[in-house]
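Read through the structures below before going on.
Two complexes, one shared chain (chain A), two partners (chain B, chain C).
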Partner chain A sequence: MDSELIQQIQNQARDLLESGAVKGIIGYERASDGLTARPFFAYEPSAVERLIFDETCTHNLVKYLLDKKNEKMAIVVKPCDSRAINLLLNEEQIKRDMVFIIGVYCPGVVETAWNRKGQTQQARCQTCELLKPVVYDFLAGQEPVRRPEAELYSDILEMEAKPVAAKRAFWVEHFGHCIRCYACRQVCPGCYCPECFAEQLDPSWVGIRIAPKENELWQAIRTFHLVGRCIGCNECERVCPVDIPLSLLNRKLEKEVKELFAFEAGLSPEEQPPFATFKKEEKLGLEE
Partner chain B sequence: MAVEYRPKIVGFLCNWCSYAGADMAGTSRMSYPPNIRVIRVPCSGRVEPLLVAKCFQQGADGVLISGCHPGDCHYTEGNYHARRRFALLHSFLDYLGIARERLRVEWVSASEGQRFTQIVSDFTRELAELGPRSEG
Partner chain C sequence: MNLLMSRDDLIHWLELLMRERILLAPTRVQGLLLFQPVSKVEDIAFDFDNTTLPPKGWFLPPTETLFSVRRGDGHTELVPATVEREAVIFGVRPCDAKGIALMDNPFLEEPGDTVYGERRARTALIGLSCRQAMPECFCTSMGSAPDDPSHVDILLTEVEDGYIVRAVTEKGKALLPQGLAEGEAVLPAPPKPQAVPAEGMVSAMRDLFSEPYWELLADRCLHCNVCAYVCPTCYCFDMRDYPDKGNIERVRSWESCQSPGFTRLAGGYNPRATKGARLRQRFYHKLLYFPEQFQDIACVGCGRCVKACPVNIDIREVISDLQQLGAKSGS
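Let's turn to the complex of A and B:
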């Protein structure tokens, strides 16, 4: 654990709370297993001692800002999480002056589970080039020396190359496991509709039955609603209790959007997302 | 005895061009395969991927989305938005194991009755060659 980095975060948090600049801090604390991290809300200056940051801080805390729209909060964000802030700013879900962003240089996070801390970095960190948050008010830590270790879309390309029937079999197998707990939705900073299509009763898009076809419809449309919006924090896959490789879906569309529209979500709060705009002259492979 | 496979197509036709085009085909007494079930929508931009995914879930073999030619949209820009959406949905469906040939996006104007019959005939033939959904 980098004690200097934690000291910086704690000092900044204490200043903010003591001066009354923010109502609370959203950060990480050590979980009760003594190994992993969990989200922590500090409202008193005395509580900031519990704030930590290290390679187990995998959660994307930006989701909590949606519940704190009317209170000025400070939030600890990794570079990937900071893209979610840009996403929500772009979609006018949060106001910039209602949030103080404590950005941290990211060393990459590791796989964690209850009472267990992995040694290897998460797959998404192995391909990540973003070391510094894209938006912040205060920046903590030292720029890490870290290079992407793996090819960005190697698994996607492998999947694309399979014959259609093999892809079908792959997804039927995985969607068959889905219990539609909707954890993937609940954890996603981009999923904030007051009424999700999955819970609409009239028309009832997704049947209440937990069956492969219903599960597939849910996952297909959940992913498609995140086209040009998924910021790649991969929280959906992390929280999935049945280990469906959701990043294969999200990153497929991320790749397509990059190729077709040269757009990456959350890098700027102003840039128009691909489905909010169009170019008259583009053909996109559809004949006229 | 083997039953001949007849693919089912759901067609989303925009009210202003393609539905009128299909009407044109009808009033001109042109014939085309009866495999298509037409749903009239106000604009091709109204067709969301959810509708397409639902069709496939409910057993459609193919989905045709048809709207005004780019530049001719009754609502000025609906079909431009549709174009972006379905360009992506094409490859995404393929990725999920629904062959990309099963989704077709075509621009048909109100005067192109002949073109509409041609599209439906071609689409039906291609789907018949592809075979039922369970086989890919």
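Let's turn to the complex of A and C:
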């Protein structure tokens, strides 16, 4: 643990609470295993001592801003998480002046589970070039020295090269395990519909059956709703209790959007995502 | 003297069982440990901590058709769900067996749930004592134990040369092979899981309904259904009728009190509209409503929710917090 970084976060949080500038702080504290981190809400200056930051702080806390739209909150964000703030600003889900952003320079996070801390950085961190949050009011830590180590999309390319039948078999097996717990949706900062299509009754887009066809439809629509919007925090994959490799779907579409529209979600609060715009000159090769 | 079964005997017996009935056993699938029907012994995981999902899904499947309505020339017929073959579940941990026993309360109490009752009657449980307690385990505080034979038909306890066999019920006795040897092997001391004192929990809960604690705890909760779906005692479900070419199927699927839509009424009113109210319901059902109705706390200490919760809402910590709050409000 970088005690200087934690001190910076705690001091900033204390100032904000003592001055009444914010109602609460959304950050991280030590989990019940004494080893990893969990989200933490501090409302009293005395509680800021519980705030931590280390390589187990994998959660994207931005989702919680959607529950706190009417209260000014401060939030601790890693560079990847900060892209979710831009996404929500762009989609007018949160107001910039209702959030105080405590950004942290990020040296990468490790795979964690309860009582288990991985030794190596998460795959997404190994290809991440974003060392500094894209939006912040206060920046904690020191710029880490780090270069991308792994090839971006190597697993996607591998998947693309497989025959259709093999891809199909792969996903049929994984979606067969899905229990429709909706943890992937609940944790996603981009999933905020007041009524999700999965629960809509009229029309009923997807039934309540927890069965291969319904699971597949649920996952397909969930993924497509995030095209050009997924910011790559990979929370959906982390929280899945049956280990469905959802990042393969999200990143496949991220790659497509990058190639077709030269767009990456959440890098700027102003730039509209491709599917929120329509330009007459966009032909997408359909005219031929 | 104890009844003994060598490892080879166990394999032969399981092979015999799977010829006559459906045999469900823990299997390793893509990093998960799931109870699945097996057709060869090599697919069975014998050495495991506990499964990713509890065996409750055999009795209350994630999805099932309760009955269908078929329409023909001028008549309508109600076709109940088909009853499966006899089944045996091998490798049930004592905590999970207790979970099934707890689910029996709501499902078998009159008027009983027919499909659940049929499956329960036609399934035998072969338990496997735990050789070690995992960090998330707390079964002994919830009225079970790593070697608790109470809720299985047969309990196997691994020893050096095989297994000590305890035939617990008549159903279990009938299932065992003839001529098992008796031996000197003694039952090993069970491992000691973490203690989570829960004395006085039920009465303490009566005074804690309006505590701000619930909304504060719910800050962190994502309101997914992970905790409920991995829980051996959570049994809530949703039902819907699906038409199919003039016929109708009544489908039942898992659902949980954490879903925003779970208590939404026709017209849109939701009596549990806030996150705190929904999270509180989870713990009130487990720690007050269920025990008031059926005596036992609806938790068996398997620790699955502790491990699986994406944001570390740890029931052991909640119990301890509530004990402290109860002591404060009671004094």
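Definition applied: the second predicted complex is superposed on the first by the 286 of 288 C-alpha atoms of A that agree within 3 Å, B and C clash if a C-alpha of one lies under 4 Å from a C-alpha of the other, contacts with A are read in each partner's own complex, and residues count from 1 in each chain.
The rule is short, and it goes like this: contacts are C-beta pairs under 8 Å (C-beta built on N, C-alpha and C of every residue); 3 or more make two chains touch, one makes a residue touch a chain.
As the structure is a computational prediction, the values presented were derived from the model and not from experiment.
Participant: Report for A:169: first if it touches chain B alone, second if chain C alone, otherwise both or neither.
Facilitator: Only chain B; A:169 stays clear of chain C.
Participant: Identify the partner contact of A:66: answer first if only chain B is touched, second if only chain C is, both if each is, neither if none is.
Facilitator: Neither partner.
Participant: Which of the two partners, first being chain B and second being chain C, lies in contact with A:157: first, second, both, or neither?
Facilitator: Neither partner.
Participant: Based on the superposed arrangement, let me know which partner A:274 touches: chain B (first), chain C (second), both, or neither?
Facilitator: first
Participant: Please work out whether A:205 is in contact with chain B alone, chain C alone, both, or neither, and reply first, second, both or neither.
Facilitator: In the superposition, A:205 touches chain B alone.
Participant: Which of the two partners, first being chain B and second being chain C, lies in contact with A:41: first, second, both, or neither?
Facilitator: The second partner, chain C, only.
Participant: Scan A:21 for contacts with chain B and chain C and give back first, second, both or neither.
Facilitator: Neither partner.
Participant: With the touch criterion stated at the top, can you tell me which chain A residues are shared between the chain B interface and the chain C interface?
Facilitator: Comparing the two interfaces on chain A, one with chain B and one with chain C, no residues are shared.
Participant: Which residues of chain C touch chain A in the complex?
Facilitator: Answer in residue numbers: 29-32, 34, 52-53, 62-63, 135-136, 216, 219-220, 222-226, 228-230, 238, 240, 242, 251, 253-255, 259-261, 275, 306-312, 314, 316-317.
Participant: Note which residues of chain B are touching chain A in the complex, please.
Facilitator: Result: residues 49-50, 53-54, 57, 69-71, 77, 80-81, 83-92, 94-99, 105-107, 135-136 of chain B touch chain A.
Participant: Once bound in the complex, which stretches of chain A touch chain C?
Facilitator: 31-33, 36, 38-41, 59, 63-64, 67, 113-115, 173-174, 177, 179-183, 185-187, 199, 207-211, 235, 238-239, 241-243
Participant: Touching chain B in the complex: which residues of chain A?
Facilitator: My answer: residues 159-160, 163-172, 197, 205, 213-214, 216-217, 220-221, 223-224, 227, 249, 252-253, 256-257, 260-261, 274-275, 278-280, 282, 284-288.
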